[in-house]
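Each structure below appears as structure tokens.
In what follows, chain A forms one complex with chain B and a second complex with chain C.
And then the complex of A and B:
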């Protein structure tokens, strides 16, 4: 097999690893005081003791809450087959009580091979759910509800949460409610009556420490020795990988990158770009792949926008900046045009264009969101008279002008005043 | 997306034709062809195969972006994190991605938020494509499934995606997958275009969060998501947060790129290149967008080639200088009219004028033609427009003095020497006028001014024409249907409804025409507008 083929296979393997959260979070869950084991203990104890329970998983987006939950659930489904039913709800899709109950009923029907009617009303569905909970409780089966984006369920009247938690308390049921949320104060959002029925167990998912990151990198990027890849290729690949990981420059890149956002998902995206950059001809990862990935993922969108502007648009931005410097806080297109004219009068340039050309350049700037309207409601005025403001800061504008190719010197002089 | 033969258009059976018997005159046989049925092969772009070099050469300035996208898409059947492609409009994002998929021959589903202008239509379009359902007359142009809520969409999507992927896998087993037209691989890609338009829909915050979290919600390895947007990712504000995607940036073209792009498909490349030498640099200072530049350049190129008798000739230095000196006076005015889209009548008028006057200077001609309005309005509408402009422009207290009963204007104002304070006050007032824009006026004031102006116009006309057809209906044939004219002017956005007065509750109007347009309209009516304008 040519080295390109091997490299391609390795690439596909690592990419599929990066896209499957189960693989990523497995090693993090091996230690005994990790969130995985705590969660598993809580749920399995409530299964064995046949009691109700509720718990919240909190942490920033991308820290692996749902991944760990899925790992726990898959393990439990292996250990206790036929005694667990899992119902999955998502706050983005089912925040309305009607659709949430409908989804619960649908999943219950699918699980127990019953016919589901789409025409059932809210009351029918809620009665069905309570009846199912009672039956499952009598048969010693546990129903596990996973509520993703829990804070979205806590908007509005919280009817679903109340009926669920109330059913758990009154009926002889065995149910576990697991809420997953990115808001660390998700339990403060609950109403008094809901909160009283909710146990205040929370598991916090913190971003990984430096040693964890190192272990994670090795775990993801190392090729396994026993797979279909040739052994010597895999060994050489892992050796090169170790030398990169130990390199000081690489450590600097990683710590620099994780300074802005240290969640696991953020790191995975970086690794995805790096592995896509891998040269298939050479067949191995190199430090340049990681450097290129860093520059392509850390972007400065406003700088890029300014670099994309034409010279007339830069003139308009500089005129607006001058108006702001003069403490004229509210201005519109006509006053910007007046400033543009006065600039042209004092320094005669070749860049003096008519009103409609400037208006079109103004519209381009609006579309790129370098400037925006200050009033939200005003469609009663034409575009020339609505108040606008700059969205780029002074430093960004200056930086952008300096790095602009063939920027007229006069703009630089004007912005420096 | 597939190759389809257009079905023969069957004659619509109206009630009349179906009730009358078919006579021997109507011999046309109605061919009802079977509508084209879509198959799994229609998931790919179709057409001829495109090799990598052709791909690179058809997008001259996008080599880096194409390579980056190909790297991120990866080898066949490799899972992918969602991509977010962004850049200015008309930088080639959509066409590049579609041509890349044509080159790779992988199955994809494309939906644009421009044509699918609400969530329901977007969902149904994606599901129709997955189910290979085509809207035609047989099923009454309806979609296969009705899908309004995101939860239904996710459920249907999971089911349909699994069935499509099964079909793709079985297709692979049947024959060799290298034959042209057969999709490559087991993965299906969903492409969502024009994502920034979702921000203006109803319930945009939930819709945007849903779209961005779609990958996490679906949790399917065999699906790749690609989002295309005209604005950068930091313009999508969400108080919920969402997982970011892998960004791919399409920068705006540089001057050299623009030159390469505009030179493609030109019959005479040397001639066009000398044309671009002259115009590209000044025009690039105003805008760098390809679509605007190409529409501005096409009439200019025609003008540039005018003195040439043979359009296929290669110009030498001397000819270039001659062409440039002939063309030069046109550059400056056309720079100021770069976004002016000529209407059909004006281009015809120009060609007529060209044949008659060849040697004279063109400046006066160009000036004339911009002094006329190039759309048609009835006379009463023109008067109404002028009255609206005056009502917005002048303060209401001056109406009495400007429009006295004889219809003439009183321009005798006592002029006093302007003191320092009054000059300052005038500047401040001018500033306020710039800021506030045109004022609002109630309907009664508009009608009063209109009546004054038209009576004045009638008195002018009386002296000139004896029999005026306009006065057929007694006093003011111009007064007929004023309210109807007003509503058509509102629809054309010449007059807009401003805020309503809080005390009276009646609606107020505001005129949006510029002074130039009002002057042009007045000139066409021979109405002395400058006499009525309030000058500070």
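And then the complex of A and C:
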């Protein structure tokens, strides 16, 4: 088997690992104060003791809230086969009470092989849900509701949350409500009577610490030493990997990358690009792969946008900048044109265009969101007379001009003054 | 045979029709609807065998009158004096005989042989448990046209006959109730047996040999088990059962027990035909009649629910569950007395004027619970006959799709018909304002309990107006009890309604938000804290015992630390922890926000200004400035978790930002960060 073949296999293996949350979060869940074991304990004890519970999982995006929840649910489904019904809702899809209840009824029907009617009213569905909760409780079945984007359910009158949490106040029902939200103040959004019925269990998900990141890197990137890949290849691969991981430059890259956002998901995205950059010919990871990944992921879209502008567009941007520097806070296309003309009068160059050409360039800038209208009103007005504002900042503009390949010297002069 | 029959009541009906009885004396035994009986399995069963009334002792093989104790394993009976060593009294709790104990230890056991010539007599219980007999629950008794007596029975089954077979956690005397019914001739009844629910069964001591325990229902079609509903929630009734019991009790009051009720044959047929077509109908439509729910049930009763010895902590947790409504509400006696005095006063008046009552208070102080407790007490008084029957309708404002729907719900609860809300409003108006009654049933006073009353406020407030207006009408016989947690409902209302509220403002009960717990006035919260504390303690103990195999016993107490952790978890916002663990740039970002705040004194800042500050901070501390776009992303991340409030990121440099927490919190969280020690100077 050629080395390329092996390398491809290794690449596929690591990529599939990166895409499966189960693999990523399994090793972090052993210790007793991990969120995994806490969450599992809460849910399994409410299954065992036939009681109701409600939990909130909080934490920044990408910190693995849903991944851990899914891990716990899949473990529990294995542990207690056919005593658990999982109802999954997402705030982005079902934040409206009516559709949420309909979805609950649909999933309950699916799960228990009942016939579902789309025509059922809000009342019907809510009564059905309560009846089902009761029946499931009598049959020792636990219903687990997972509400992703929990904060979005807390809009309006919160009928869904109220009826859900109120149904859980009876002895016969046996349900767990798990809310997932990236808003730390999600429980404060609940109305008083809803909050009173909520159990207020909270689990906080934090980004991994430095040691955890190191462990995670090793766990993900090193190849297994069993027979699935050639043993000597795997050994060599792991050896090279170890030397990379120990390298100071590599540590710098990682810490530079994680400076902006240290969540697990963010790290995985980086690793995926690095793995895809792996050279199949040599068959091993190298530091270059990680460097390339870093530069390809850390982009500056606005600055790159400026790089793509035409000279005329740059003129318009600079003119707007000059207007703003002069504390002229409300201006429109006509006043920009006036400035453009005055600039051109004092520094005549060949870059002078007619007004309709400038308008075209102006529209182009609007589309690229380098400038924007100050208000959303006045759609009926033509573009020339609507007030605009610069979206890119002074520093970005300057930076952009400097890196522009053939920037007229006059522009740089104009912006500095 | 015919001469033996003696019906309790003579046949009044014409010969063609069936005559139903509540109680029948047959073959020397009295059989009532609701009794459990042994039923012969086959016609040719050896019923001629003498059936011993008393069980024989397994040691001396005599029945005798001496006290016997029963082994909980093999169900064999033993005379106290025949045991070795003999017992003086029947032991408390479970008792297992010496033979079973020895068998469990793996020893060969020689059971005492009966004396030669004497067959070991089998009692009915033995026969039932070895499926030579059947047991059934009498649903109804009637006499056919040809003078034979029949009854409709609901079968019981033994664990061995279910699809799951006998499971290790099944008790010896356990039966399952099935959903299988059959019409059986009274002839085949042998005698009474007693099937009890687990609570009664646990209390039963010497009721004889024919007692059984039944906790589950077995579905013969789907082969699934379900707990019997009336065991667990015996003390909390739904509104529909209220109406049912009203009906029964009122009948009971005016007639003697041996009353014959005649059913329409067709009704029964209708029921059956509907059941057969059930699976074609959607499960979630048709209020009150959900089809297919019988499908739900466990195939096998999970072991953990049966033979689970609870630890002290688990017991505590179970007792603290919110759903466990306490039997008595401490420190709500005064309020409850006032409510019950109010309701009694309203319904006992002969002309029964309508009245209103408005109860308000902080959530979780037991408003709804007190009213429901009062209503329970009143119902028991109705059953006792000291109060006239009334109807009770319970509506929750938050569970209505729209405020107008309340008419429909009320009308449906009163009459059982479903109409549109406009029609319902019309009919209710007829009933309450014009005093039009179309039946005897309608003549009762009606108590309407509206939970979350404030949700019924509409723009023109017609719903509230109508509901509060009806009681003032002379013939309404309507009593409205409103519950809400807003104190200012009267102020929210338009003048014409608030004038009406004045009429009962005097009677309105002030539910002061008592300090149930020191931390919050909410009883639910206090209970939840305790439950969570118990959970935390339990978690730690279980972890400890799984790590070190010899479990440290006796440490099962909820310590102060657990309570503190629970309170901490419940009341402390997690933002400080998140700020501490967030990425480096986010920390710098937050510090810059605080710096900006002190510098300008303005809470709100724009992204452009902030980015300038960040770049200044970075350059003066030899830190690489990451660039605007990355900084913007960092800001949006913080905005997502609401540590700062910000506009959408598309606004870029125009984006407005503001801290969502006091700047002191940020300083506290970031002051001693090891990663970036220089951050402290900007805080």
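Annotations
In this section, the second predicted complex is superposed on the first by the 415 of 417 C-alpha atoms of A that agree within 3 Å, B and C clash if a C-alpha of one lies under 4 Å from a C-alpha of the other, contacts with A are read in each partner's own complex, and residues count from 1 in each chain.
As a working rule, a residue touches a chain if its C-beta (ideal position, glycine included) is under 8 Å from a C-beta of that chain, and two chains touch if they have at least 3 such contacts.
No experiment lies behind these values; they were computed from the predicted model shown.
In the superposition on chain A, A:272 makes contact with chain B only, not with chain C. In the superposition on chain A, A:38 contacts chain C only, with no contact to chain B. Of the two partner chains, neither chain B nor chain C is touched by A:242.
In the superposed model, A:299 makes contact with both chain B and chain C. Contacts of A:331 after superposition on the shared chain: chain B is touched, whereas chain C is not. Counting the residues of chain A touched by each of chain B and chain C gives the higher count for C.
In the superposed pair of complexes, A:61 makes contact with chain B and with chain C alike. Touch criterion met: A:182 reaches chain B and chain C at once. In the superposed pair of complexes, A:122 makes contact with chain C only, with no contact to chain B. Of the two partner chains placed around the shared chain by superposition, neither chain B nor chain C is touched by A:155.
Across the superposed pair, chain B and chain C both touch chain A at residues 61, 182, 299, 301-302, 369. In the complex of the two chains, the chain B residues touching chain A come out as 68, 71-72, 74-75, 77-81, 88-89, 149-151, 154, 206, 209-210, 213, 216-217, 221, 230-235, 240-244, 246-247, 249, 251-252, 254, 284-289, 292, 335-340, 431, 434-438, 496-499, 510, 512, 514.
The touching residues of chain A, when paired with chain C in their complex, are 32, 37-38, 41-42, 45, 48-52, 58-61, 80, 82-83, 98, 105, 108-109, 112-117, 119-128, 131-132, 134-141, 157, 159, 162-163, 166, 168-173, 182-185, 188, 192-193, 195-197, 199-202, 204, 206-207, 209, 256, 258-262, 298-303, 369, 372, 389-396. Considering their complex, residues 8, 11-12, 15-16, 18-20, 61-62, 66, 90, 92-94, 99, 103, 149, 152, 182, 265-266, 268-269, 272-273, 276-277, 296-297, 299, 301-302, 304-305, 307-308, 310-312, 330-332, 334-335, 338, 351, 353-357, 360-361, 364, 367-369, 380-382, 384-385, 387, 405 of chain A touch chain B. Those residues of chain C that touch chain A in the shared complex are 224-229, 232-233, 236, 279-288, 290-293, 295-299, 301-302, 304-305, 308, 314, 317-318, 321-324, 362-364, 396, 398-401, 405, 409, 452, 455, 485, 522, 524-525, 528, 531-532, 535, 538-539, 542-543, 547, 569-570, 573-575, 577-578, 581-586, 608, 611-612, 615, 624, 626-630, 633-634, 637, 640-643, 650-654, 660.
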